[in-house]
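Should a chain be cited, it is by its letter among A, B, C and D, assigned in written order, with residues numbered from 1 in that chain.
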Amino acid sequence: MSIYEHKVQYYETDQMGIVHHSNYIRWFEEARTDLMDQLGFGYEKMEEIGIIIPVLSAEALYKTMTHFADVVQIEAKITEYNGIRLALSYVVSDKKTGVVRCTGKTSHCFLNKAGKPLSLKRSFPELHNMFDQALNKQPGDDLSTNVKNL
Amino acid sequence: MSIYEHKVQYYETDQMGIVHHSNYIRWFEEARTDLMDQLGFGYEKMEEIGIIIPVLSAEALYKTMTHFADVVQIEAKITEYNGIRLALSYVVSDKKTGVVRCTGKTSHCFLNKAGKPLSLKRSFPELHNMFDQALNKQPGDDLSTNVKNL
Amino acid sequence: MSIYEHKVQYYETDQMGIVHHSNYIRWFEEARTDLMDQLGFGYEKMEEIGIIIPVLSAEALYKTMTHFADVVQIEAKITEYNGIRLALSYVVSDKKTGVVRCTGKTSHCFLNKAGKPLSLKRSFPELHNMFDQALNKQPGDDLSTNVKNL
Amino acid sequence: MSIYEHKVQYYETDQMGIVHHSNYIRWFEEARTDLMDQLGFGYEKMEEIGIIIPVLSAEALYKTMTHFADVVQIEAKITEYNGIRLALSYVVSDKKTGVVRCTGKTSHCFLNKAGKPLSLKRSFPELHNMFDQALNKQPGDDLSTNVKNL
């Protein structure tokens, strides 16, 4: 698995001269969707087969400031998965120096298109295996799975 | 019709210490949806009955700078409407001083949910009348119409 | 003190058909800056006299979904203040039904323009009193203070 | 010169199920700052030596819709430069199919930190040459210049 990178854009800064704190929540999403792409079954495929993955909670701890034109690396890791709920942790760090900018967490559930909670384990066992195998893998570990287009 | 107001938020600023230029395009949308609310049939009602109003073009001329905590007034006016196409113009000005911050235009068409172009005139004559009557009305003019929930 | 209101804009939605979760973090900021305005000394005045208030942490618990054109009320309350650190809690609820959409917290410190931590208690006693008196006040309580332009 | 690429993020979509139109204005900025990096003197270096490059106008013509997870290529080209004013044009197209999504233009001036207009030709002849040589170059052309850190 490769580590997701993001180059800071001008429109992400605020008048403090740093990245506005709300953007880290968006970067978590960038890294999360990238992780799922790497697992072999991205968000857009999920939604195509009728699975919605809303965010139940999000938190960010801001350690140091990120500036325009910096490149950050965002490590996303699946920390909890039980077939119904999913949680990830994130570490955002400066690519050049390795200094940690921000850490965070999000938690999620799975819904069908009617908005009803979904047990991935029961309804989509192949995707269940995908998440289950990815649990606690580190960036750099082999995350390739054999999920086919369902 | 009342003039739409927007208070500038911190997250709308960039490191130049002013509002990022992309936000004016969003403010045009705020004023446009507010105008349609005032006409009596807002975007959300449009979408409920299956009408999508995508943006075909947008332009902004930035005159003077807007800062955090400023209150701006955004005048939206329908400048063209022919049953198939819709165009609006916008003037953003500082509430306190009246100084113009930005002017702009957007143009739009009407699509059904399948993405096919829609003649409002033929398919939704009541909405057609609503837009037709609003053409070239000034902020302050009576814009009340008798559109019912369709 | 009045409760801050926000009308959901089209650009705040995502393809799930609901408000993107990152926007709640921005709404917390809207309510926080509004609270400080009501206390009598807003963010823009803070920055004018050289005080920066960065966000150290932010979290949100998403309870129910918010849709385009909904009006939400955002109650912000100062839950901790000790002269050096500041924390707030937030409740976002639907204006019409009162249903809670999201709760959250943020924490902050005070920096001078050189980026050095600032004891408000020592350096700006009048602002210190302002925050101290606002601690744990409820929306609806009288929050007027006598802070003058410093 | 390489062509700038952007992968569409979930938070860039709206409830129409496509990219919100305001984001194209942001993508123009992404491609513009990337172009300047490639010319050898990026926005952040400009601002370090006291040059601000505000946007005077922006326009976008939306041709076809962009969806989540699409990769777009954004070609930015300097179309006008006279030492005082700068204008660029943009073409956003789908990476896979080459279908054009959007075209656009922006125009800019140069200001010093006090907000006064700046003649790059007079005050920064090396940067003047950089822009002058880049005028009307195509993506793929050699754009390397010899601008040093000033």
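Throughout what follows, a contact is a pair of C-beta atoms (placed from the backbone, for glycine too) under 8 Å apart; a residue touches a chain by one contact, two chains touch by 3 or more.
Worth saying up front: this structure is predicted, and the values here are computed from it rather than measured.
Undergrad: Between A-C and B-C, flag the pair that has more C-beta pairs in contact.
TA: Result: the pair with more contacts is A-C.
Undergrad: Just going by residue numbers, which of C-D, B-D or A-D has an interface where over half the contact pairs are the same as at A-B?
TA: Of the listed options, the interface copy of A-B is C-D.
Undergrad: Please report how many Å separate the Cα centroid of chain B from that of chain C, as a whole number.
TA: 29
Undergrad: Please set out, as single numbers or ranges, the residues of chain C touching at least two other chains.
TA: 10-11, 15-16, 18, 22, 26, 29, 68
Undergrad: Which residues of chain A touch chain B once you look at their complex with the stated criterion?
TA: Going through chain A, the ones touching chain B are 10-11, 13-18, 20, 22, 68.
Undergrad: Give the list of chain C residues in touch with chain A in this complex.
TA: Those in contact with chain A are residues 15-16, 18, 21-23, 25-26, 29, 47, 52, 54-62, 65.
Undergrad: Can you name the residues of chain A that touch chain D in the complex?
TA: Spelled out, the residues of chain A in touch with chain D are 9-11, 26, 29-30, 33, 37, 42-44, 67-69.
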